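In the two assemblies presented below, chain A is common to both, partnered first by chain B and then by chain C.
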Partner chain A sequence: MRQALRTASFQLLPGLAILAGLFLLPLSYFFVVSFWQVRTFRLRPDATLEQYARVFTEYGSTLAWTLAIATLIATVTAAIAFAYAHYCRFRAGRFGDGLIFLSLVTLFGGYLAKIYMWKTILGGTGALNSALMALGLTSGPIPALLFSPFAVIVTLTHYCLPLAILPVYGALRGLDDTAIEAARDLGASGPRIFRDLILAQARGGLTAAFALTLVITAADYVTPLMVGGPSSNMIGLFIQSQFGNRLNSPLGSAMAFVTIACCGLIVLTLSLTLRALTRPRT
Partner chain B sequence: MPTLYEKIKRAGLLREEGGMVRLRTFGPSLTRRQFGALAAGAAGAAALGAGRAQGGEVKFMGWQGYEEAFAANGFAASKDITIAPTYQADNGQAMTAIANGGVGSMDIVTPDTGYTRVMAELDMLEPLDISRIPNWDGLDPYFKSIDNIVMDGKPYAVPYAWTIIPLMYTPATIPEAPTSWMDVMKPEYKGKVGLTNDMISMVANFTIAVTGKKQATIISKAELAEVFAFMTELKKTQARTVAASYGELTDLLASGEVWIAQGWVPVQLWAKEKGADVRWTIPKEGAFCPIDCMAMVKGSPNMDDTYTLLDAAISPEGQAHAANINATGVTNAAAVAMLSEEVLEIQPHDDIAAFYEKATGGQPLPLWPLEADGDLATLDDVLDAWDRFMAA
Partner chain C sequence: MRSMAHIGAALTAIFMLSPLVILVIFCFSESPLLAFPIEGWSLRWFDKAFSDPQFTNAFRNSMIVTGAVGVTSTLTGTLAALALAKLPPRLATATAAALSLPVMVPPLLLGVALLTFYSTWIGLPLGLPAVILSHLVFTQPLVMLMISARMASFDHAAVEAARDLGASPIQSFFHVTLPMIGPSITGGTLIAMALSLDDFLVTFFTIGGGMTLPTLMWGMLRKGIDPSVNVVAVTIMGLSIAATLIGFRLTRYRG
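And then the complex of A and B:
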């Protein structure tokens, strides 16, 4: 037993080393730096909470906006991902895996390509406005389709969707059909089966899909800049600016850690809610 | 003293099979003919290498396309110099890189004249020995007289390119060229005004417009607040968007999403390539006209090659080659004759000193002060105000 444990620990070492070297160490460095200061463009070691205070006093509204829009996008994306994965698992029969593969193929389009694609579709002379005008539904282009929060939500949902589908589908694949049939035979209603079996089984995958989308979205700054219009900028833009242009990695680090902590809290809240909703009843 | 045989044996390169000693090889075995050919080839390559000039790798961090000056007539390759480029999106990025380990490892950066002074004051740049840059003599006299390049009698950079950040408009929707920056507030342009994510250009131009001061970086904190109040009002009431880049601004102007914008002269050329008519104008208040330089980073590990490249950057051939690609103005007077018609159309070179006198009051703008100096707005004040503007 002890030998097996030792072997398992030894086998884990490379993975742990990579995790520590590429993730934990850099993160720890920036966590320490978040308590430092910058003077005349050079880092000065310190132990101050000043940067954290600035995050809330100077960037509080941007942070709140970012978390709100990221939570909305993550919710919409996870819901669509669940619907798609549910269809692939229970309705598409032998085409299910193929449909999942098709959704993943869209990832090859790339991030910027998707942004430009939505700019083309939503623009004043774009496909959507042209179609609406051709159908006589609008007399002129709707400016709010592009350069608005709506455009940010659509673009980021489209980008994150394939990434969100995968964990939900993985979770639903693990659900045994016989359990559903047994529940049905025992007289369980459709909503009861959905909540107590399907949703309970997909809980982990749904949380993963939501978390993945939330983290990607909350950190993004290119999409709001490209399609968000004059007033949709998110915290990622200012984090990038602190590191890249303002030489202020302490403030940038503090902004990043506050954002990570807030995202963690949101994911925890969702996880606890889902757990409460799907708690087994006696 | 061990013999060579013993050393090889100890290193594990010999193995004994059936009474024979064999040399262990790594990879496929070679016949004697193959070995001979390989040896001859290696000797030839070594001889060829010995005959070529010694060159190295020069680490360049700057605006994309500026390194084209080194490629004119295959210059860098002929000197056996390899350029390792890193492209920046902002001058602050180069400063960040130098402040975080760049001293002693980077060679060339491309600050504008405002940043050149700051970087020199922060001991990030090497003062240049002009005797090693013969093409310095060919520079237009205006560029040799810039305060922020020559400090305490020592030049810290070579002026490389200049350009104009004007007001741009689409004649299809605005037939007469706008005469003032304030035209962007006209009610008929509501939702059709383009802004850019180019902090220095935006703040400089709207400072010129709001305060009437051509030295737009020497303003009080109250004036800065006034400028940003105007910009925020403009963004909230008139702007279609804040373009992420000038390429995106070109698309916006060409597609009709935007009719009037703070722009950059090459946008006119790029729009023309897309079949759109976009023009630039310098409003009556003036306009920001930055001059980008090339400078040697403190402790450059490859100083000789860096001097060679800095000289090539302001040679007539290097200047014209890069300017025709980047659509920027040249600083070497002899390069003007080699510019394409398109570049000459958007970048007037007739009397550069008079042009700057009209546009900026003479000297290019310095950067905002780094340290508090009375009531003057500092660079930090501007950066903080810019973040608030972008978040608004």
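And then the complex of A and C:
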């Protein structure tokens, strides 16, 4: 036993070294930097909360807007993912595996390529406007499709959906058919089965899908830059620019950590709500 | 009610798939305008992209990064998965969770944190080596998780039998353990490589002046309309989807 543990710790060494040296250490350092300052274009150690104050005063409304749109996208994505996974697990029969496979194919289809394709699909001469005009639903192209919050929502929902389907489907697959039949035989109604069995089983997967989408969405800047237009500035754009032309890494760091902390709070709220909703009752 | 569910699922599938299909169609379109209907078909954008020295350079860089990341994360991820199987269950769960932490951090945060760490603390010059190190952070957990999933249904009695019959630990690893988890290792490697190949955000902040396929694509998108960008996009998409598909096939991963 001791021998096995010694081998195991040797085998863990490279992996833990990568985790410590290229993740924990850089992230801790980056966190410390958020209390520093940039003066005369040089990064100077300090212990100030000035950057955090600036996040809330100068970027407060951008942060709130980002969190609102990210929460909306995460909710929509988790809902669609649940509906799709539920269909694949319970309704699709032998096509279920194929439909899940299809979502897996689109999982790695290229981050930039997806954003760029939505830009062309939603554009003035794009596929969606052409289709709408061909069907006679509109007489001219709808300009509001692109460069709007709507475009950001569609694009990021599309990007995150395959990622969100996986954990929900994984959770639903763990639910045994006999448990549902037993509940039905004992006289449970459809809604009751849905809430007490299916939703309770999917809770962990749903929370994971929501959290993943929320975090990716709240910290994205390529999507708002490419399809968002001036009204949909998101915090990621400002984080990114602190490391480009504005050169203020302490401020960028503070923004990033405040955003992540807010996402954590939102996920915690959701997880507690879901737990209360699906609590077993007697 | 029932038909509603069918329609909903079909629409979701179309929603997921259509941008990828439209991209492939545009690649073969004669016209430089990205609009329907398609008036003629041609391979001119492939010619244009493949003869561009920037593309060949970015392609080579992408292959270097992806290859190095694939090999290294496979080694460290496999070792970690083997170790997890030996640890007491609670410790194993905690270690796996710790090693998987990087997956939960958004790539933008990882990118800017590593940029700050490399350039203002340890003085590591930006470039391909920095990109490779950075990619290990988020590819290693994937390899580990995929092999761990296989190890969970692993028959330890076979290894013990080999050991009882006098095989050394190294012999039993190469003759018993490796053949059993081999497909999962290859699968995990391919999926790690797909992730590395497609990464834009972390690469963008740690590469300095050079280019990989995604950062080349980004530059083309920023500059304006050059339809050969479709070909760059399709190259990234094709390679990463092919790697993923073979990977999932080998690991028999199902949801």
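As a convention for this text, the second predicted complex is superposed on the first by the 262 of 282 C-alpha atoms of A that agree within 3 Å, B and C clash if a C-alpha of one lies under 4 Å from a C-alpha of the other, contacts with A are read in each partner's own complex, and residues count from 1 in each chain.
Quick note on the criterion: a contact is a pair of C-beta atoms (placed from the backbone, for glycine too) under 8 Å apart; a residue touches a chain by one contact, two chains touch by 3 or more.
From a predicted model like this one, the values you see are computed outputs, not experimental measurements.
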{"item": "First (chain B), second (chain C), both or neither touched by A:Met226", "value": "both"}
{"item": "Touching partner for A:Phe243 - first (chain B), second (chain C), both, neither", "value": "both"}
{"item": "Touching partner for A:Thr125 - first (chain B), second (chain C), both, neither", "value": "both"}
{"item": "Touched partner set for A:Phe147, first chain B, second chain C, both or neither", "value": "first"}
{"item": "When both partners are placed on the shared chain, which of chain B and chain C touches more of chain A", "value": "C"}
{"item": "Touched partner set for A:Thr75, first chain B, second chain C, both or neither", "value": "neither"}
{"item": "Chain B versus chain C as contact partner of A:Gly109, first or second or both or neither", "value": "second"}
{"item": "Touched partner set for A:Ser9, first chain B, second chain C, both or neither", "value": "second"}
{"item": "Contacts of A:Ala256 with chain B and chain C, given as first, second, both or neither", "value": "second"}
{"item": "Shared contact residues on chain A - chain B and chain C", "value": "43, 123, 125, 222, 226, 243"}
{"item": "In the complex, chain B residues that touch chain A", "value": "89-90, 92-93, 95-96, 99-100, 122, 191, 195, 197, 199, 235-236, 239-242, 244, 248, 255-257, 370-371, 383-384, 387-388, 390-392"}
{"item": "Touching residues on chain A, where the partner in the complex is chain C", "value": "4-5, 7-9, 11-12, 14-16, 18-19, 22-23, 25-27, 29-30, 33, 43, 80, 83-84, 87-88, 91-92, 97, 99-100, 102-114, 116-118, 120-121, 123, 125-127, 130, 158, 161-162, 166, 169-170, 173, 211-212, 215-216, 218-222, 226, 236, 239-240, 242-243, 249, 252-253, 256, 260"}
{"item": "Chain A to chain B touching residues, read off their complex", "value": "40-43, 58-59, 61-62, 123-125, 143, 146-147, 222, 225-226, 228-231, 233, 237-238, 241, 243-247"}
{"item": "Residue ranges of chain C in contact with chain A within the complex", "value": "2, 5-6, 8-9, 12-13, 15-20, 22-23, 26, 33-36, 75-77, 79-80, 82-84, 86-87, 95, 98-99, 101-102, 104-110, 112-117, 120-121, 133-134, 136-137, 140, 144, 169, 191, 194-195, 198-201, 205, 214, 217-218, 221, 229, 233-234, 236-237, 240-241, 243-245, 248, 254-255"}
